[in-house]
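You will see chain A twice below: alongside chain B first, and alongside chain C after that.
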Partner chain A sequence: MIATGLSALWSHWRRNPLQLFTLVAGLALATALWSGVQAVNSEARASYDAAAATLGEGQYDQLLPKAGEDIAQETFIALRRAGWLVGPVIEGQIGAAGAQVRLVGIDPLTAPGGLGPVAGGSIALPDFLEDRPVFANAATAAKLEGFIDAPIVVEPSIAPDTAITDVFVAQRVLDAQGSLSRLIVATEQPMGRPPLERIAPALTRRPAQGGSDVGRLTDSFHLNLTAFGLLSFAVGIFIVHGAIGLAFEQRRGMVRTLRALGMPLRSLIALMAAELLVLALIGGAIGVCLGYLVAASLLPDVAATLKGLYGAQVSGTLQLRPAWWLSGLAISVLGTGIAATGALASVARMPLLASARPRAWATSRGVMRQVQMTASIGLLGLAGILAAFGNGLVMGFGLLACLLIGAALALPLLLDGALRLAASLARGVTAQWFWADTRQQLSGLSLALMALLLAMAANVGVSTMVSSFRLTFTGFLDQRLASELYVSTESIEQARALEAFAATRTSEVLPLLSVESELAGLPAELYGARIGATYRENWSLLASSPQVWDLVAAGDAVLVNEQLARRAGIWVGDALTVAPETTLPIAGVFGDYGNPIGQAIVSEPLFAQLHPQVRATRFGLRTDDAGSLRVALTAEFGLPAQSITDQAQIKAFSLGVFERTFTVTAALNVLTLTVAGFAIFMSLLTLAGMRVPQLAPAWALGMTRRRLGQLELIRAVVLAALTAACALPLGLALAWVLLTVVNVEAFGWRLPMYVFPRDYAVLGLFALGAAVLAAAWPARKMSRTPPADLLKVFANER
Partner chain B sequence: MLLHVTDLKKSYAGADEFIPVLRGIDMEVTSGETMALTGESGSGKSTLLHLIGGLDTADSGSIVMNGQDISSMDDAGRAAVRRHSVGIIFQQFNLIPSLDVSANIAFQARLAGVYNSAKADELAAALGLGDQLRKYPEQLSGGQQQRVAIARALAAKPRLILADEPTGNLDEATAAEVMAQMLALVAQTGAALVMVTHSPRLAGQMGRQLHLSKGLLA
Partner chain C sequence: MNVKATLFAAFLALAAPLPATAQGFGGLGSAADEAFAVPTPAPTFDFPADHGAHPEYRIEWWYLTANMTGPDGTAYGLQWTLFRSALAPFETDGWDSPQIWFGNAAVTTPAAHYTSERFARGGTGQAGVTAAPFEAWIDEWHMRGETFDVLNLRAAGPQFSYDIALTAQGPLVFHGDDGFSVKSEQGQASYYYSQPFFDLSGTLSLPEGDVAVAGTAWLDREWSSQPLASDQTGWDWFSISFDAGEKLMGFRLRQSDGSYYTSGTWIMPDGQTTALPNGSFDAEPLESVDVGGREVPVRWQLRVPDFDVDVTVAAINPQSWMEMAVPYWEGPVTVSGNRKGIGYLEMTGYD
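And then the complex of A and B:
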């Protein structure tokens, strides 16, 4: 019985390959978008984990300098002698084959177990100590070839653009003899050792964390990508829901016959569920393959973005990780389950003697409309409440979900209202028939139109966010990169000489002074600024107290960036401790877009007082003749070309990083809209076969097939245009949530929102074009329906 | 006794009240018997046929077929009865559009586990479908489709065949031809036949006639 039932169910797909294709393609596209994004995420996370596993980030407590960047080697020795089981680490960047490689030096004898290539079994400890090799993955090893004076060993588990070696070698290569970056604290420590404050008061102990620093830092970025993946998947689910619904609708007759001939309902439901499971797995598998291609094309941009924004090293190539392809299959099955539950329940409830004729895909019944309207109003109301009273990133995404799903559910009701209005205004008989017929088609197309609504809203929302960001960021760069030239010197002495040389040849010399620090309990950077005309004229602050620059210049106040202000819950007027026993009022908050961590700025004299060991080796120079000054600096100090950067170069680089950041979202935008266009195409194509009985009377009464085809095309355009009209306000609401809620929670800065009517008009035209393309083939098919097929509608034997 | 129906009642929900369709039917059918159910539209003929076939459930009363009370069975039990003991021929044919003629004829027999290809071929040939076996229902005329439905019902070797106006969609000549073939084949199998019809001429060809009026047997 099972085999016979399955053969009958399967025969439907064999005879209707287009429907099968719709279903599998819908599943595949939904899965592809989801698994593509997940692949990028899991690849990036794997890179961080590789780094964390190799370097002990997150696994162990660490000792870090309270201020500044270095720990003296003597401090390490003192701690060891006092009984502290700590291992030294030195880190730095080295130039290699036109790229920067992070060089990490460790000591295998004192490093806690489970760290480094020695613990990984790549090399025996005596060989490591004797040869002192440098370990790197194949790509990094190739870059290092010829740039480092030590044997290079390829070790695939090492994080991208990272090399590991003995601490002695690293100190030599980095020219930092006697210096260490941090100390890793072993989990087991001897009892009775003296406290840290007594042996090394300049160090602070940072407890072990669940994940790596970089991993947590970039979580926001991945969260955004995941949200996009979910949004794309939601669009896909609408397609799958539509495809499954139509497939079930067209098989109502078969279901009735199978049951009448003795197939038990329970067996039939089980067979249909099994059939869908198989199709979900097939669609999911194809989707995972497509997702791999999407991820492979996106990953280089993501890697560049993460490196540019956060300094996180991510491999630019993709590996097939079981976690994401399994999650791709799971999401396909889950999505099919969600989409099919209603259809299977409808089959289970369908009386055996129900009409076998397809109902043109669930003609909206009063009860369903009521439920839909109630759910829509409830979700939109909840979105309003969350917007007004909620906080936190999860709330932000909850708000987005409520807004989008509520709006999608409201769409068919809004369209129905608009069509009803059009029908009441129609005068000619053709127009009256057209509007009435369009209303009848609405229920069959509503899922595809919901997918289009979500795709367009996502486009409007994300493009508004990106364009607002671009405008703000460009203005911000003009403000922050005021100096015409930026110069890096090679030593403190050269820096002093350069400052003296430039004093008479420039209008202002701005030293770039900074230390890593901890402010308001958060990791941050403290900057020393020479407050002069440049700051006073170019910097616009988000909030400030009167005479802000005078106060900061006098060392009586501090400026903080928006990230630090929001994360620490501080604002103008509050106090901030910038160093032990130095607490200053906050006189201003500045926008600092693109920077993940907090910053505070004090005057140069105060900075020198707090951190006398830090001297500026980089300077911004204000001049009217950057070209001549560059020549003069090169002649005087013999500085290499890469040590002098002009403003335009930095701006171009910064904008480049920014553009890459959003290449990923732009690509996903296009993909999502394409998928929505595909949904409309498939819905129209599937409906075309069911439309013959509805069109035959109009044809019989004198309307030509060509005219019917044209009206089909116009119908698609009208529905797409109405959907686009609904998508615009939804997209703007989405942008508002992204800019004022999600962005603030994820990145710590708030951006002003701008609107871009021209972009929206282009998007609208694109959507109409997609609708025309989607409707063209079904309309052509309609206009070429053989008269014999139309006549069958009236034949008694049909 | 093949079928014993006792005090069978059925009503449907109307706008404000329940509308009785069958008000207490008592009837018996013996093996090999042919019976016509006649009556005006809305008299409950098709409802009675559906209840006997286990396609619907009665409000009260009993339907005992081969000693089994169908009226007390759940969906799976009634499905088993339809599969093994009943062959149903519908006015609208109800063939499976995605299966060809051969597979349609074999379908119920396969479900019941009694499929015999020689027997199926023999039935197809007897109904003039021998050269149509690879065609799909949409490629057949109405008369041919109804012949396929008859072959499908007979191939499952049921004890009882229920036919709901089987020639209602056919022209007169074709109807007569199909009817003659069906009666001949039913007679060969020894199954009982209960047929709903409006046609006095077709009813006259049956061994017994029952007339329903307003939900009661006249």
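And then the complex of A and C:
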């Protein structure tokens, strides 16, 4: 009986291979995008974790010098002997220019538990201490060849461009005997320790979840990706829901027959569920494979973007992790379950003797509409409340979710209203029939149209955000990279000589002075600036007090960047403590889109007074003739060519980062739009077969098949255009949320929002094109329906 | 106490974040490299220099256990241990030192057992031992004094700390053959002497508050380069102070075939010793308890027929498990039977 039942169920798919294809393809697409994005995210996270595990940044508090770079080894010993359980870390760059590797030296004996040179490695501590190898992944190991005399052990789990070794080796290679970079504080500390200030007053303690934690910084980026993945999955599930619903509707007759023949309802339901499970697993497996391809092609761009944006190292190679397979399959099965629950329930409730006539696709359901409307209003209301009162990154994404789902639910109602209006305005029989028929089809197409709406809105929203970001950033670069040449020197002596050399040849020499510090309780950088024409003319401030540059130049005021101002809740007029016993009023706030952490700028003399040990070795040079200055610097002054960087070079590099962000976004946009187009195509295709009875009378009344086909195309365009019209405001709302809520929470800066009507128009055309393409084949099929089939409608009329 | 060498090797291999491989651990535990010095019979000790470190030997420790009572008569125990393990037989002045130090401290009450451990590398000043004035230290823990006879002892963990004054009331005691202590029938041996006559007073800081304590302590000094025989699986070690003034050190090395090798020292109140060769000291487990899923004997019958000893040794806190990188059992005991007394029991190889 079970075999017979299965073969009966299967025969449906045999007769409708296209439906089977729709179902599996929908599942595969949904799973592919979801698991692809998850793969990219988890790969990136694994890289951060590897870095954090080796560097102890995420898990443990750290002690850092309040100013400068180094901690004397005696301070480490003094802390240990006072009962502070800290582990030393020394780090520095080695390797060829352009292929530098961060060398990290640790002491495995005092490193807090779990923080190993090579978590998951395969070397015993005695061997580590005897051989003192350097651990690095294969790519990094290649860069180290010739720069290190210790044995190199390849360990894939180590973060890219990072090498880990014993503190002894690192100090020797970095020529930093007796000095350490930071100390990692173990979680458990003994009783009766004296306070830090008494043992090491020059150190400051940075809590484990510090502001510079790479994982936290990149969260927003990953959330963006996740949101995209989820969106695509939702779109894919719309497709699956449509395909399953259709298959079940069409099989109502078969279900009735099977039950009449004595098959228990329970077995039948179980068989259908099992059938769907198998299909879900097949679709999921294909999807995971596709997802791997998506991830593998996206990852290099994502890795490059993350590196450029946050300095986070992500290995560009993808590893197959069992977790993706499992989560991909699970999400496919889950999605199928969600999509099929309603259909299975309706089969279970179907009375044995009920008519097998498919009905759900032909009539609009009043109750459903009520529910939809209530849910939609509720969600949009919630979105409004979140926008007004919520804060935090998670809230921002909750707001996005409410907005998108609420809008998607509202779409069929809006379209229905628009069509009703059109119908009432229509003159002529054909037009009235067209609008009425379109309205009637709406319920069958609404899921696909919702998918289109979401895809378009996401497109508008994300491209608005990225483009706004790019415009702002380009302007910011022009302002910030004012110097024509950037020069770095080897030593303080050379720096002094360079200043003297350049004084007569340039209009201004701008030293780059900075020190890592803690401002308003947040990790930040303090800059010393030589206030001159460059600053006065080029820098535009978000907010400033009168005579801002005079005040700063005189050392009477400080400038802070926007992220510091927003995070610390300070603004122009407030006071900021820039060093112990030095508190200055804030005279201005500047936009700073180039780095995630806080910055403050004081005048050069004040900086020199606060940090006499910090001397500038890098300079920006203002000149009208960059070419000849460059020649003079290399030929006359003897500076190596690689110590001089062109302004154009830096700009190109910085913009390159955003181009790559753009590439990732564009790729995801295209993918989501494709999925949405596919959804429309499938819905139209399945509807086309069912609509023959509705078209037959129109044909019998004298409308040609060709005309009917044309009307089908026009209908697709009308619906897509209406959807696009709804998508634009939704997309702009999305962009607003991304720019003013998500960005501020994630990066600390608020970007001005620009609109790009031309881009939206192009996108609208694309959407219409997708709709036309999707409708073309069904319309063509319709126009080719043999007259005999149309006639049969009247012969078989029930 | 050579088991501790193995123990320490295992500590090193396991405690560190680097997972040990059989090779790595085995390599450290294999026969002493020709480069390391090896204990030879009939030693002559040079004090105070020999209280200090012997980097040319593979392993060494300063191991103090104490029995104490609080103002209300409650019995307490404490342990302070500094191990040295060398990867190579020399010391340097920096991070390239092959000398590795390991500290272990505990306080035992009848109801609780607090422990802490520390690791350090030689050469940096984080841990070490100087002979005169004597100081053995790791981090903020120390055992120090102008001479070896008057010492101050400190250690702290997340839940406890102690600050103890020790005053020797008798001479050093040499185990085995004038300090040359044989550990197996194959001849593995170490240099081994003790100061079992410390009087003690000081303060324990426990989660429930400070406790003034007084009592006695037993300090073991031992160094060697040879590991145990390969068939030795674990170790039960007793240090007993009888109320009448005599003291007994005895240990039982368990072998994989179920037999065991014993050794011990009978110590008169004036410090005179008699070595107890294999078989003349016997320890028999009477009762085991479940300690975190392991069966550990916490009541023993000790017999030394030559000195008319037939006593029962019982743990004050049967749960004195040292839950550390490599776990073992160490805690204070009471002695009853034909003689009364107190002491310390250490057992390894039950995990």
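Everything below uses one rule, namely that the second predicted complex is superposed on the first by the 701 of 798 C-alpha atoms of A that agree within 3 Å, B and C clash if a C-alpha of one lies under 4 Å from a C-alpha of the other, contacts with A are read in each partner's own complex, and residues count from 1 in each chain.
What we mean here is this: a contact is a pair of C-beta atoms (placed from the backbone, for glycine too) under 8 Å apart; a residue touches a chain by one contact, two chains touch by 3 or more.
Owing to the predicted nature of the structure, the values given are computational and were not obtained by experimental measurement.
In the superposed pair of complexes, A:253 makes contact with chain B only, with no contact to chain C.
Contact comparison for chain A: of chain B and chain C, C touches the greater number of residues.
In the superposition on chain A, A:555 makes contact with neither chain B nor chain C. Once chain A of one complex is fitted onto chain A of the other, the partner contacts of A:1 are limited to chain B, with no touch recorded for chain C.
In the superposition on chain A, A:328 contacts neither chain B nor chain C. By the touch criterion defined above, A:73 lies against chain C but remains apart from chain B after alignment on the C-alpha atoms of chain A. When the shared chain is aligned, chain B comes close enough to touch A:14, but chain C does not.
In the superposed model, A:190 lies in contact with chain C only, and not with chain B. When the shared chain is aligned, chain B comes close enough to touch A:261, but chain C does not.
When the two complexes are laid over each other on chain A, chain A has no residue in contact with both chain B and chain C. Those residues of chain C that touch chain A in the shared complex are 9, 12-13, 15-21, 23-25, 27-28, 87-88, 94-96, 98, 100, 116, 118-121, 124-126, 137, 139-140, 156-161, 205. Chain A contributes residues 73, 77, 80-83, 85, 107-111, 113-130, 166-168, 171, 177, 188-193 to its touches with chain C in the complex.
Those residues of chain A that touch chain B in the complex are listed here as 1, 3-5, 7-8, 11-12, 14-16, 253-254, 256-266, 351-353, 356, 796-797. Of all residues in chain B, those touching chain A in their complex are 50, 53, 55-56, 75-76, 79-84, 88, 90, 92, 94-99, 103, 107-108, 110-113, 136, 141-142, 152, 169-170.
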